[in-house]
Amino acid sequence: MSVTNATDRAADAGMPAVRMEGVDKWYSTFHALKNIDLEVARGEKIVVCGPSGSGKSTLIRCVNQLEEVQKGRIFVEGIELTAGPKNVEQIRRDVGMVFQQFNLFPHMTVLENCTLAPMRVRGVSKAEAEETARKFLTRVRIPEQADKYPAQLSGGQQQRVAIARALCMNPKIMLFDEPTSALDPEMVKEVLDTMIDLATEGMTMMVVTHEMGFARKVADRVIFMDQGEIVEVAEPEEFFSNPKQERTRTFLGQISHA
Amino acid sequence: MIRPFGINEFWFIVMAVQWTLALSAVAFAGGALGGLAVALARVSPIAPLRYAALGFIRLFQGTPLLMQLFLVFFGLNIFGSGINPWLAAAIALTLHASAFLGEIWRGCIEAVPRGQTEAAWALGLRYYDRMKSIVLPQAAKIAVAPTVGFLVQLIKGTSLASIIGFVELTRAGQIINNATFDPFTVFGLVAVLYFILCWPLSILARRMETRFAVATRR
Amino acid sequence: MGYQLNFAPVFRNFDQLLAGALVTIQLSFGAMVLGTIVAIACAIGKTAGPRPLRWLIDAYIEIIRNTPFLIQIFFIFFALPALGIRLSPNVAALTALTVNVGAYATEIIRAGIESINRGQVEAGYALGLKRWQIFRYIIIKPALRTIYPALTSQFIYLMLTSSVVSVISATDLAAAGNNIQSQTFAAFEVYLVITGMYLVLALGFSALFSAVQRYAFNYPLAR
Amino acid sequence: QTVDEIKQRGSVNIGLLVDFPPFGIINEQGQPDGYDADVAKLLAEDFGVTLNLVPVTGPNRIPYLLSNQVDILVASLGVTPERAEQVDFSEPYAGIEIFVFGDTGTEVAEAADLAGKNVGVARASTQDTSITEIAPEGTNIQRFDDDASAVQALLSGQVPLMGASNVVISQIEAAAPGRFDTKFSLRRQSQGIATRPGQTELMEAINDFLARKKESGELNALHEQWVGGPLPEFVVEGE
Amino acid sequence: MSVTNATDRAADAGMPAVRMEGVDKWYSTFHALKNIDLEVARGEKIVVCGPSGSGKSTLIRCVNQLEEVQKGRIFVEGIELTAGPKNVEQIRRDVGMVFQQFNLFPHMTVLENCTLAPMRVRGVSKAEAEETARKFLTRVRIPEQADKYPAQLSGGQQQRVAIARALCMNPKIMLFDEPTSALDPEMVKEVLDTMIDLATEGMTMMVVTHEMGFARKVADRVIFMDQGEIVEVAEPEEFFSNPKQERTRTFLGQISHA
C-alpha cells in the first residue's frame, strides 16, 4: 500500500488537500461514518453541519487520525494517511486542529503553549519558536497575553491562543471542531473574526460549526451530514436558499427556529 | 538477665528509627521508579504491556506484604545471591510500592483530560514529549496527595521487615521487650515513634487533598 | 549451588494449610462485620455526636491509621493483660483486626453519609420520619452503594493484613505455613504455596463482593 | 566449604540468636552478645579469621544456614534427630534441660495433665517438638516466633504454662519469684554448632576446637560468666 | 407555652390551617424572615412569589419546621409548632411537602417510596399502605410505574411520584417549593395539571412558584415577598392587574419580560 505515496505525490501537482475514498468508521458496533467520499481542494473552505451525533466531529478527526478508520483510504496533501504510522506523524505536523474545549495546556504559559510543538516536533530553536509565536499571537490580537496562563484568560482569548498554537506549526490545513460553541455569546465574534482573517489568507479549512453567518461569508462549500452520511454538498447560497434534501430542509428549519 | 527499661533501651529504640526511615526511603525511591514504569505500562497502547502491568499489580495487591517479604527473603538465595534482610526487605518493599504507586499514578494519568492528549497528538508531539511535557506534569499535581498518603502506608509496612529479622523500629522494640519484659512501655514507645513519623504526613496528605478538591471545584 | 524445589512436604501437610485458611477466612469475615459495626457507630458519632465524643473518635482513627498493625497487635496481646484484659490469640487477632479496619472504615462510611444529598434527609423529615428511621431507611443503602468499592478493597487489604497475626500464635494460614516451614525447612516452597492461597482468597473475596453488589444494589442510578 | 576456604576468605559468617538470653542477646551497645557470641568469637579467633555475626531468628536459623547466608550456626540449636537430617551437628557446646513450667496454681504433674491447657512454646524449638510429641489430645499448643515471646505470654498471663529451659526458668524466677514452678522435665538437650551437611572437614575442625576449649576450661569460664554455672555434665561428656 | 395548645384548639373550630405570628428567622447573622404575620384558611390556596433569595422557601419550610425560627409563633391546624419537638412530629405527619428536586429515594421503587412513611410513621399495614399508594399513583396518572425505580422515570413522572408520596400520608396541608422549576418545559404541564386537580379537591396548599398561569387559575391569594418581608398580599386578579407596591410592579415587569 505504501507504494501509492510516491505515485500519488508525483501524479498531480494540483492534488487536493484532502481526499477520502469510501471511508467507513465504526465505534465498536456503531456505524459512525458510512462510505464517505470527499475531496477538499487546496485553499478551499469547507463548513460541515448537521444534527448532533451525525458524525461531524468524527469526520474531521479522521483527517489527522485522531480517530482510526476501518475501511477506505484517506490522503492528505497527497500522502496516504491510512498507509501506516510514519505517515500519520508527518501529516499531524501539517494539519492544525482547534477544539471546542480549546484544550490549552494549563500548566504552560500562552507562549509555552505555542512554542512546545515547533521546538519538539520541528526542532526549531527556542528563540525562533518564540518569535513565530509572538507573530501569530499578534495576528490573533492578543500579543500582550503571552506570559499569562490559560486559566487567566477569557474563553474567547483562550480559543484564539489555540488557533495561534496550531498556526505556529505552519500547517497546510486547519481543522476546527465547533470552535465557538463553548464560548459566551459576546466572545463568539472575536473568534469568528480571527477565523475569517485566516480564511481570506488562503488557508485550507474544514470547519464544523452551526454559525451560518460564518458559513455564508467564507465557505466555498457546505457539507450537511446526517447519521454518518454526507447528505448534501452545496455552495452556501444554494445550500441555504434552496436545499435539495428533505433532511437538510428539516435541519435548517430547526436551527433558524432556535 | 532481665533488665529494667532504662535510658539505653530508650535510645536503642529511638535510634532504630533511622533504619525504618532508611528502608522507607529506599523502598520509596525504588517504588517511584517502578511505579512510574508500571503506570506508563498500564496506559500504554501496547496491549501485552498493559496486561503485564495489570498482572503485576493484581499479584502484589492481592497477596500479603509479609508473604512477599518471605518469598524474596528465601527466594533470593535460591536464585543465586546470598541474602541479607536488608536486600530482601528493600526488594520486596520496592516491588510492593511499585504496584501500589503504579495503580495510584495510573489513576492520576487517566484523570488528565483526554483533550490534552488529543491536542498533543494534533500538534504532532510524539509519545515521549506528550508524556513528559503534557500528561505527566498535570498528573503529578493530582498525584501528590495520594502519594504522600501511600508513603504513610509504606512506612508502616516496613515494620513487617522485622519478621525476617531486619532490625528496624519494630524489631528493636521486640528485642528490647524480650530483654525487659515491659511491653506497655516498649510498644507504647514504638507506637509513639511511628505516630510521630506518620501523622504529619497524613495531615499533609489530607490538606493537599482538600486544597486540590477546592481547586478543581472552581 | 543447585537448589531443588521440593513441594512434597508442603502438600503432605496441606490439611494444615486448609485449616489455617479457614481461620483466616473466619478472622477476616468476623473483622469485616464487627469492624463495619464499629465504623458505622463511629461515623454516626463523628457526624452527630457531642464534641468530646467526636474528639475521641478522631484520636482513635488517627492513632490506628498512623501506627503499624504489627504494633497494634503486640499491644493488644502483650500489653493489655496488664490492664486485666486477657484475650486468646485468635480472639486478640480478631480484636486487633476489628479495631484496625474500624478506623479505616469509619472514614469511608462517613464520606458515604456525607455524599447523601441533604434533600433526601429533608424529604424524610417532611414525611414525619424520625432521625434514626431516616438513617436506617434512607441514608444507609445509597451511602453504602457509593462507598462500596472503597470499603471492599479495604476488606481485602484487611484479609491480607491478617497474615501478621501468627506473631501472637494465632492459628491462621500464615501460622500454618510457619509451622510447616519450621518442620520441613522448605521455606520458599511453603511461602510460595501460601502466597498463592492468599491470592486465591483475595480473588474469591472480590468475586463474592461483586456478587453481593449486584444483588444488594440492583437499583438504577440517575444518569 | 572447607576451613581453608574460610581462612582464604579471611572471614566467617556465624549465625546466632539475639533474642535468647543469656545465650544470645543484644547488649547495651546494640551489638549481638551472650554465650553464643563469645563462643563464636573464640571459634573465629581459633580459625584466625575475622568474625561476622549474623543475627538470625528461631524459625529461620536453619534456612539461613542452608541458603548459604551463614557458614556456621552457633545459635543454641538443640540437637534433635529431625534437625540432624537437615544439618550436621558438632559435639555439644552447651546444654539445657527443658521443663514444662508455669503458674503455681496450675496442677500438672505429667504429660496427660496437659489436656485442655494452653502451653506456650517458641515455634520449631526443642520445647515445641518435645511437647508436641508427648502432649495428649486436647492440648492447646500456642506457637510464638521466639522464646522471649512465649515468656512474654506466660508473664502477661496469656498462657498458664510454657515449655522452658532451665536457663529461661532461672530468669523468670528472678523476674517474678514465686509465681511459677517447674512441673516436669521434658528432656535434656544438648546444643550443637551446626554446619551444612557433608562438610566433614569443617565439622572436624569445629569438634577439634571444642575439645581443646573444653580441655582448657575456656568454654566453662564463658558458661560461668553468662549462665551462672559450670557446663552441665552431659555436655562435657558428649553424647 | 404548651398550655396554649389546648386552648387554641378548643377556641376555634373554624381555626386557620396555618397561622404565623411575628415570625423572625436568622441564618446566623442573615435576617431571612422579618416579622411575618400570616393566616392561611382551611382549603385555601396560597401562591408565594418574589425574587430569588427573598425568603419564599424559608417561609414555607418553616411551616413543617425544616427551618427553625428564632422569634414568633407558628400554629398548624391549631397546634403550636414552636412549642416543642413533640408537636413538630405530629405536625410533620399532617403536612406534606414537594421539593424542587423531587428528593425521591433512589434505592426504593415508586411503590416503596410511597409506602415507607405510612408504614413507619402511621403504622399502617403493608397491604393497606400499598393500596393507598396505588390509589394516589392512579390519581397522579402513573399507576403503571409503581414498580420502577426513580431513575427510570422522566422528571415530570418523578415529581408526580413525589406528590403521590406526600398524599399517601393523608396530609391536611400541602407545601410545594418550586415544584416545576427543575423540569424540562414539556413536563411542566403534567405536573401543574396534577396540582390543579388537587386544588379543586379542596386541599389546603402553599405553593412557591413563578407559574403565573397556575396562580391565576387556582390561587385564592398571591403573596409577594422581597428581602424577607411580605410586601404584598392580594387576590390574583388584583395582584397581576393592579399591584399596589412599586417592588411588586418591578418584579412582575421582569418575569413577564422573560
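Think of it as A, B, C, D and E in the order they're written, each chain with its own count starting at 1.
The rule is short, and it goes like this: a contact is a pair of C-beta atoms (placed from the backbone, for glycine too) under 8 Å apart; a residue touches a chain by one contact, two chains touch by 3 or more.
Quick caveat: nothing in here was measured; it's all calculated off a predicted structure.
Common partners of chain A and chain B, by the touch rule above, are absent. The fewest steps needed to get from chain B to chain E, moving only between touching chains, is 2. Setting chain C aside while every other chain stays in place, the touching chains sort into these groups: A, B, D | E. Superposing the C-alpha atoms of chain A onto those of chain E requires a rotation of 165 degrees, given to the nearest 5. Interface comparison, C-D versus B-C: the higher number of contacting C-beta pairs is recorded for B-C. In terms of the distance between Cα centroids, chain E is separated most widely from D.
Each chain gets a centre from the mean of its Cα atoms; for chain B and chain D, those two points are 37 Å apart.
Centroids built from CA atoms put chain E at 83 Å from chain D.
Distance between chain centres (mean CA atoms), chain A to chain E: 53 Å.
Averaged C-alpha coordinates give centres for chain A and chain D that are 81 Å from one another. Taken residue by residue, chain C touches two or more other chains at 3, 78-79, 82, 167, 187, whereas all remaining positions touch fewer.
For chain B, residues that reach two or more other chains under the stated contact definition are 74, 77-78, 163, 174, 177, 183. Residues of chain A in contact with two or more other chains: none.
Chain pairs that touch, as defined above: A-B, B-C, B-D, C-D, C-E.
If you check the complex, the residues on chain B that touch chain A are 113, 115-116, 118-119, 121-126, 129, 133-134, 137-138, 141. Against chain C, the residues of chain D that register as touching in their complex are 59-60, 62-63, 66-68, 82, 86, 118, 120, 123-124, 128, 142-145, 149, 152-153, 156-158. Touching chain B in their complex are the following residues of chain C: 3, 5, 62-63, 65-72, 74-75, 78-79, 82, 156, 160-161, 163-164, 167, 174, 187-188, 191-192, 194-195, 198-199, 202-203.
Looking at the complex, you find that chain C touches chain D at residues 1, 3, 77-79, 81-82, 86, 88-89, 166-169, 175, 178-179, 181-183, 185, 187. Chain C meets chain E in the complex at residues 117, 119-120, 122-123, 125-130, 133, 137-138, 141-142, 145, 217, 219-223.
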